[in-house]
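Order of writing sets the chain letters: A, B, C and D. Residues in each chain are counted from 1.
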Amino acid sequence: MARVNLDGSGAGFRRTDSHVRGLGRSNPNQPAEKPLLVMEDVYKYFRRDVPTLRNVALEVKRGEFVFVTGPSGAGKSTLLQLIYRKHTVDSGRILFLGRDVARLTERSIPFLRRNLGIVFQDFKVVPHWTVYENVAVSMEILGSPVRVVRSRVAETLERVGLAGRGNERTERLSGGEQQRVAIARAIATEPALLLADEPTGNLDPALAIDILTLFEEIHDAGTTVIFATHDHALLQTSPHRLIVIDEGRLIEASQGLRAWSARMHSLSA
Amino acid sequence: MARVNLDGSGAGFRRTDSHVRGLGRSNPNQPAEKPLLVMEDVYKYFRRDVPTLRNVALEVKRGEFVFVTGPSGAGKSTLLQLIYRKHTVDSGRILFLGRDVARLTERSIPFLRRNLGIVFQDFKVVPHWTVYENVAVSMEILGSPVRVVRSRVAETLERVGLAGRGNERTERLSGGEQQRVAIARAIATEPALLLADEPTGNLDPALAIDILTLFEEIHDAGTTVIFATHDHALLQTSPHRLIVIDEGRLIEASQGLRAWSARMHSLSA
Amino acid sequence: MDIRTTFARARRGFRDDLRLHVVAVASLVVAFLCLGAALLGVENLARVAERWTQSQHMTVYLGTDASESDIAQLRLVLDSLTEVAEVEYINSARARAQFAEQTEMGADVGSLPAEAFPASLELALHASANRTRITKIGERIKSFNAVEDVETYQDWFGQLGSLLDAGRKAVGILALLVAVCVVAVIGNTIRLAVANRRQEIEVLKLCGATDRFVRTPFIVEGILQGLTASVLSLVLLGISYLSLRGQVEDTVVTLTGMQVVFLGPLTVLGVVCGGGLVGALGSALSLRRYLSV
Amino acid sequence: MDIRTTFARARRGFRDDLRLHVVAVASLVVAFLCLGAALLGVENLARVAERWTQSQHMTVYLGTDASESDIAQLRLVLDSLTEVAEVEYINSARARAQFAEQTEMGADVGSLPAEAFPASLELALHASANRTRITKIGERIKSFNAVEDVETYQDWFGQLGSLLDAGRKAVGILALLVAVCVVAVIGNTIRLAVANRRQEIEVLKLCGATDRFVRTPFIVEGILQGLTASVLSLVLLGISYLSLRGQVEDTVVTLTGMQVVFLGPLTVLGVVCGGGLVGALGSALSLRRYLSV
C-alpha cells in the first residue's frame, strides 16, 4: 500500500519516493482502517440555483478501486477536480489523508497534487513537447534525478504500449496515443491516489481493457484508484465498487444498480 | 441528397446554402451513381519506412453511411485528415466531387472544407468563445446572415442536447458537452459530407446512441457520413457499411468481419 | 462576409484578450511616443535652420570719400538684384554706437579712431540666394569706387550651415532609427498577440475560412490598436510638451530666437494614419505564419 | 530541483518557440538601443558640462602705472587663494596680438590705442569655486592699487550654466522617458511571450509543481533574453557610434572642444546587468497571472 509521509511541517503533504517505494508493496490490496479520502456533505455550485454536486458523501479507503460513472455533464469531472483542488467546495468538506483540501493554502496545493496521479479528460499534454518530456515532467516536479527519470519513463511508456516513441512530438500522435501519454505521466510517479477521468475514451476496446488491467496492476501494488468512465463494457469487466452520479447526486451502486448498468450496456449493444 | 455547385470557376468548390437546402431533401437515402469520394491506391508516410496508410482504396457513394474502425494509432484520423487536406497523400489520389484533393491550390482548400462537416477527435473548439460562437463560426464562414445563423444555431444546439446553453464559455463545459458543441458546429451547415472522428468518445452510452441517431437522421436527409469510432456497441447498433483499418491497410468489413467485431465486443463486455 | 459578423468577431477578440490588448497598445504607445518626440525634434530643428538660413546678410563697407550720390547709385543697383531683400545705410556714428553696445565698452569706444567704424550698407538677402551667387555679387560690388570692402560672411555662414547640416543629419538618423524601432516593436507586439490566438485561427481555417475571412477582424483589431496607440501617444506627447515648454522655452528663445512649436496638423494626421496603417499591416503580416493549416 | 532539469526545461522553452524568442529579443534590443543612445547622450553632455564649468576664469586688468613689484605681490596673494588654479601674466603687447588674432584684424590693430589693450593677469579657477565666492574675490582684488578692473565673466558663465542645466535636464528627462519605455516594452514583450505558454504552465501546476519550480526556467530564459538583447544592442550602438563618429566629430570638436566618447565600461556593465535583471524580473512578474491554476 502506498504510504505518505504526513509530517506536521509547513507544506502539509510532503512525500518522498522512498516512502512510496519502500513501503508500497508490502501489504497489497488490503484496505487500511483509516480512509484515504472522505467527502462529507459536499455541494458545488457553478450556477447559483442548480448545484452541480449536491450532498455528496463518499469514503474511499486505502487500496480501494472505485468506478465513477454517470451521464455526460453529471459532475464526474467536477468531483475529481474538487479532490485535486482545481475547484473548491461551496459547502461540506473533503479530507485527503486527514487534511481538509478546501482549507489548503495556495502554497501547499502542489504538495497535495504530488500525492495524486491525475489523468485529465482532455489529456493536458503539452503538444510541442516530446512524449518523453510530457511523461517525465511529473517526476521532474518531484525532483527525481535525471537518471531515475529516464529509466522510469522508458518503463512506463512500455506499460502503456508506447515503447520507443519517447522522442516524437506529442501533437503528432494519434488521439489514443496522446491519451496513453497522459496515463503514463499520471502513473510514472507511483502516486498514493490515482484519479483517472475517462482514461479510455479514445482507445479501442482491446486497448481499453489493457489499460484497465494496467490500472488494476497498479492498484494491486497498493495504489488507490478512482476511475471515472462512461464505458459500461469496462464496468462489466471488473467487479469493483461502482458509484453513479446523476443530477449531482451520488449513488453508491448496489448490486441492483450494477445490474442496471449491465442492462444499459446490453441494451446499447 | 446534399448537392454541391461544381462550377468551373477558380475556387473549385463553391457552394451556396440555397443549393444545399433547396435540393437537399428531395431524394433521401438513395445513393447516386457518381461516387462522392474516391480514394485510389493511397499511401501516407509519416515515417520514412513504415507507411501509416498503405494501398488504401475506397469509394463512398452519395448518401452512404460508413463506419470506420480499427485499433488506436491505426490511421483512422489520418484517413479523414487526408480528405479535408490537413495532410496530402504521398502517392495515389483522392477525388472528392471528381476533383483531386491533393492537387488543390492553397486558395481553394477552404472551398473544399466548406462542403465538409468535420467533428475533430480533439474537438477543436475555442475554449474562450461561447458555445454560440463556436457553433456559429462554421455558418459565419459560409457568409450566412446573422439572423439565419442565430435561429439555426439554437436549433442545432437543441438537437445535441445543449438547448439554452449558448451563452456559456465553452471551456466551462464538461468533456461530453464540448464534444457536442463540436458536433453541433459540424452539422449546422448541412454539409455534403460529414466526417466524424470519434464523436462519441466522451459521451455516455445513452447519449452516444442519441448522437448516432442524430447522424442517421442527417444521413436520411441526404448527407453522406463517414463515422470513425472505437465503440463496438455503436457498430452493433446500426447496420451500416463498416471499414476496418489495421496496420495501415483498409479492409472492407465482410459479414465475417462484422461478426468479428461483435465477438470482440461481447468479449470485452 | 457579413459586416456585422466581422465586427462581432473583432469585438470577440478584444473581449477575450483585453489584458493582452492593453499590453500591446501600451507597447505601441511607447513606440509612437518615441517617434513623435523625434518628429518634434526634427520639426523644430527644421524651423531653426530655415530661420537661420533666411537671415543671410552682407555688409558693404563704404570708403570715407563716398559721396551721397555714389551711395544712392549703389543702392539703386543693389535694389535691382533679386537676391537682395533689403538695404540699410549705416553711417560711421551709428556703427560706433552699435559696436559700443555690442562690446559693452561704453564711452571707451571714443578712443578708437574713426577708420575703425566705416559707414556701410547692410544687405539682407533672400533665403534662396546661394553661396556662389553671393560671392559673385560681392565681387561685383567691390568694383564700385565708393566701396572699400565687402563682407559676405561666407565663412561664418558656411560654418553655421555645416553645423546645422550635422544637427539635421543627426536628428534625421535618430528619427529614422526610431521609425525602424517603432516598426520593429509594433511588428513584434502584434506578432506575439497573434501567436496567442493561433488556436482560433486553426479552427477557422479547418472550418473552411478563407485567408481573407480570417484576416479581416484581425486587421480591424490591428487598425484600432494602431489608432488608439498613436492618438494616445500624441496626447501624451502634447501633455509633456505643454508641461515642459515653460521650463525650456526661455533658454531656447535666447539661443535660437525662436519659440518651440508642437507638431503641425499634417504631421499629427500622418502619425495617426500611420498608426492605423502599421497596425493593419502588422496584423496582416503576422498572421501569415498561422494561415497554412 | 535538479539543476540539469532546470536547464533542460529552459532549453526546451527556447527550442519550442525559437521564433517567438527571436521576436522578443528583437523588441528588447530596440528598447536597449534607445536606452543606450540616451545614455551616450547623457554621458557626453556631462563631459562637456564638466569641461566648461572647469574652464571658469577671471581677468584682472592692471593699471598702466602698475610696477613689477606690485604685480609680483598681487601674484603672491592670488596664488595663496585656494580657488585659483593658475595665474598667467599677459602684457599689453600680447593682449594686442591676441586681439588681432581673434578678430582677424591683422595689422589694423596698430591703429588702436594702447589703452585698449591693458596688461592683465589671467586666472584659471578651480571647478569647485562657486559664483558668490568668485564675485567676492573679484571685489577684494579690485581694491589693490595696481588693479584697474576685474572681469569675472559671471554673466557669461551664468548664462552658459543655465543653458547647460537646461540641456542636462532635457537629456535627463529623455533618458528617464526611454528607461520607462524600455521597462514597458520589455515587460510587455515578456508578458506576451509568457502568455504563449500558459498551457505549459497549467500542466506543470496541475502536476503539482510549486510556483518556484514553474518560475525557475522562465527566469533563466528571461535572464538569457535580457543579456542577449543588451549585449546585442550595445554591439549595434558601438557599430553605429564608430560609423557616425567620423561624420560628426569635426563639428562637435569645433563646437565643444571635446571628442565624442563611447559609454564607459561601468555604464556598459550596468546596461548588461540591467538587461539580465530586467529579463528576470519581467518573467517573474508576467508569470504571476498564470500561476494560480
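Heads up, the rule we're going with is that a contact is a pair of C-beta atoms (placed from the backbone, for glycine too) under 8 Å apart; a residue touches a chain by one contact, two chains touch by 3 or more.
Remember, it's a predicted structure, so these values are computed and weren't measured experimentally.
Participant: Listed by label, which chains are in contact with chain B and with chain D?
Facilitator: For chain B paired with chain D, the chains in contact with each are A, C, in label order.
Participant: Using C-alpha centres only, name the chain that sits farthest from chain A.
Facilitator: Centroid comparison gives C as the farthest chain from chain A.
Participant: Can you work out the whole-Å distance between the CA centroids of chain A and chain D?
Facilitator: 63
Participant: For chain A and chain C, what's the span in angstrom between their mean Cα positions?
Facilitator: From the centre of chain A to the centre of chain C is 68 Å.
Participant: Based only on mean CA positions, could you tell me how far chain A sits from chain B in angstrom?
Facilitator: Inter-chain centre distance comes to 32 Å.
Participant: At which residue positions does chain D touch at least two other chains?
Facilitator: none
Participant: Would you please write down the residue numbers of chain B that are in contact with two or more other chains?
Facilitator: Residues of chain B touching two or more partner chains: there are none.
Participant: Between the chains shown, work out who touches whom and classify the graph as line, ring, star, complete or other.
Facilitator: Per interface graph, the chains form a ring.
Participant: Determine which chains touch and list them pairwise.
Facilitator: Taking the chains two at a time, the touching pairs are A-B, A-D, B-C, C-D.
Participant: Where on chain D does chain A make contact in their complex?
Facilitator: By the definition above, chain D touches chain A via 1-2, 4-5, 8-9, 12, 16, 199-200, 202-211, 213, 292-293.
Participant: Would you mind writing out the residues of chain B in touch with chain A in their complex?
Facilitator: Contact set of chain B toward chain A: 46, 69-73, 76-78, 121-122, 172-177, 180, 197-198, 201-209, 230, 232-234, 236-237, 264-266, 268-269.
Participant: Please give the residue numbers of chain A that touch chain D in the complex, ascending.
Facilitator: 84, 86, 106-107, 110-114, 116, 118, 120, 124-129, 133, 137-138, 140-146, 185
Participant: Looking at the complex, which residues from chain C come into contact with chain D?
Facilitator: 19-20, 23-24, 26-27, 30-31, 33-34, 37, 108, 111-113, 115-116, 159, 162-163, 166, 169-170, 173-174, 177-178, 181, 184-185, 188-189, 191-193, 195-196, 244, 247-248, 251, 254-255, 289
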